[in-house]
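Please find one structure pasted underneath; my questions will follow.
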């Protein structure tokens, strides 16, 4: 059984030792280990992928939770194998409802086998969409749409989600949040072709260099790395010369982005791909 | 009638004066005028778009040809309106036959109303393709595939072509050639999405930054400007994570590139687009 | 005598014809001619460099001014040769006084032979500096610092300036203004190394990619072209790893930028460089 | 005492476990841990920085060497603190002698306190330089200059070097070599300003975008990461418009590059900087 362990703490002294010592003592095999120091924000984090006997999964969770409590570290233990048949997802939104709606419809239609555990917004624009699909709605936004990032993590923990979907959620997740759900659990929809068109105005940027092809990118978020190297799916459309930017944006938002996100999420939920040393690779079967 | 005049000479002294003086004296209206100095290569060039009465077209050609002869300038006068219904095209190739073949088939099927006046290669790889479609074949290549660029221009002039199609022709045209057929007459097929992936290995470059979308670009060649801003059409395809580069290249070369070039050429021949101050714009009707 | 002619009008029909016809009729030799269409802003412009007998300069100015009046075109005729010994400059500023101050001091010290004809600001921050050097001060800014671009051109015309210096002037000149003073008359100071670090936060951008070298660029502004290809001078400084961004910015603003602008302006005023087909080249002597 | 441990092996199964288990069992504190999988080349590698009592250093080396022998892993244990006063360096060259010569002279003059343990070349061009300074010369190149990378590592191990200096060594080190000497031990001189001008022709590339500033970059090589983020020192020079590329290259090679490398090496040897989570930071004193 492949298990992902993440740990986040206020400094890097003593962050790794107790976890690693316990895990290797348990007879786990370390498949991947990464450690980061984001000292401007005083975020230190470790990420482990280990193979253990499935029998030991629960005791591993219990023990590491206890270590986290004692050492004041934020530790999470997770395996995609536990709910492989029907994982629980959180759908995060801001303004645009189309991608979230497409995902909810794909789930309802049985094209994606997942449970929409909760919808989260920093704005209330998609509240009605959540209610119409019978999904819990949680607003983490302040008056100006500023996001309560700690509350988001609490919600993700409470709803016990496997994957976090950023469906045109327009806030940047802080490094701590990315680390806590590291290992291929946070899936973002970017409304441009990565890595060529990052930024917040990718349609306009591509239009200004006179491209006739526009696209969307569904990718895992990997903390500390530039976006774009962890691409799960890309979907494009082409227009004729002279097409107005408003029409380009409309096609992108209403048609292309939702299609892109649905196919990307489907690949992850169906277990077709996984994150392996910062790269998206076809999933091999694990014992 | 919109007429394109190009002039190329060994220096910029006296390059513009006689042509401009004659043209304005004839009562033509100047719609666009550009002049370039590529002093490393001692190429000086001028490009004019002018509106004149259709009646004056032939005397304009005659007079400017005479001015060119006297001043030792290489001058060309051309209007897309003369053979708008069925323009003559030259198809230039090196190794890969697929794009040229797709164009010949689209013409044969009546999807593109044009005459394949001549096929030109710096290698003989596509000679059989030309012969099987009854098109004259001209080899301008040396032993190592080096191109005789002056001979190419002679052939284009002899065959009186309206448009030059670079159908995976793998040599860079010198600035002089670009200027002689400036004004939206040279159409290139690039096997990557411009402007993000220029260069000679665009499939590999996109693959190395982990993109899952690959494309081809059909664009006008504009001398002195970076490629990519004069895009006529782009065509893309997406692959799943883990797809081998060989398979990506195969799909691109056998399916995507030919489709891209055919649609791009169709737009030009059908008069849907034109080059206007270095930009591709939908064509307005001219009198 | 080398003369620069610029013309700006509301469309491109009839923009070029009367000017070109007059100029070629006068016996001038056209050295460079460019024409642009910025249709989003309905700005059409032409730029000419011509050689004429110095005797004809005044009648050329008079005649083209009259043509401009009749055709409702904004036409300017200028030659660097008229006041080559001591050209008149306008210094434009926003917040930071250091570059302007360094220029004024270099002029006062005789290192740059020029007359500071006027200082222009969209903010009043540098008003005291102008007054202390006895230079007229003109504020073209609104309440929020928005610039009255037409008023700026009026001032430049009234003060009959040869060169316009953007000394950390933080507003983008519109295309019309750039065209009216085209031909190597607008000199900008950018606080980063071009073309690598354009944008409004070049110190931060370079710091974020972990560079230890920072720089400033003095360049001509050429309408319609990306900044950076018309570089007159660049000046750099290096710091040790770990240097705070605040200290980097301080060194740049207080020491490096002023030095860069003074040397760049000195080169232009001393006639060491000129703009030739969009490139900065060492000046050849002209008759 | 801060100790760097590197391990390289043919796969990632069992690569980390025995080393980590031993190190944590010894009471070491893990300060940094990274693990990489370069599956195209079947290179799996781990990098550890740990704090231990200085007393334990020798037993740690002995034990890990034994683990490496048993598990068929290539393991190295190193601490900058052991020979902090006068580290041993290897200087690698290809054609150009200037940077190596400048380093040898700086050592001879006492400006850098280090021992030039060995010079290595894939060409014999710098052999005479080595001999004239009484430094052992080792040629690892084949007939066409191809490098024997395994032999280079053997030489570095035999001469027990602390730092490897790539002084215009024109071969790319394979990932295995980078990992074996990871942790801030390989110092490269690049003849352009990073990250703007990577590649093999940085002078020409900068000249082609019309820059007037050129530079060199001294940086640590970090496996799997793009060059340029680990900059130790950058040194620049500016030229006047119109300066020939040959003169630019000459100044760069003969003056600027040697100065850059000497200052970069001086900073490392003097203990002013260190590599900390892929970043160059001012060194804090460690116990």
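Letters are used for the chains, namely A, B, C and D, taken in the order the chains are written, and counting of residues starts over at 1 for each.
Keep this in mind: a residue touches a chain if its C-beta (ideal position, glycine included) is under 8 Å from a C-beta of that chain, and two chains touch if they have at least 3 such contacts.
These numbers come from a predicted model, not from an experiment.
> Which neighbours does chain A have in common with chain D?
none
> Looking at chain A with chain B, do both copies bring the same residues to the contact (over half shared) or different ones?
At the contact between chain A and chain B, which are copies of one sequence, the residues are largely the same (over half shared).
> Farthest chain from chain C, going by mean C-alpha coordinates, please.
Max centre-to-centre separation from chain C belongs to A.
> Just curious, how far off is chain C from chain B if you go by their C-alpha centres, in Å?
Result: the chain centres lie 36 Å from each other.
> Take the average of all CA coordinates in chain A, do the same for chain B, and state the distance between these two points in whole angstrom.
46
> Counting only Cα atoms for the centres, state how far chain B is from chain D in Å.
49
> Please list all residues of chain D that touch 2 or more other chains.
In chain D, no residue touches at least two other chains, as defined above.
> Does the chain-touch network form a line, ring, star, complete graph or other?
Its topology is that of a ring.
> Give the pairs of chains that touch; include all such pairs.
Listed by label, chains in contact pair as A-B, A-D, B-C, C-D.
> For a test of understanding, state which residues of chain C touch chain D in their complex under the given definition.
Listed in rising order, the residues are 193-196, 209-213, 215, 228-236, 238, 240-242, 267, 272-273, 279-282.
> Using the touch rule from the top, collect the residues of chain A that touch chain D in their complex.
12-17, 20-21, 24-25, 29-37, 46, 276-277
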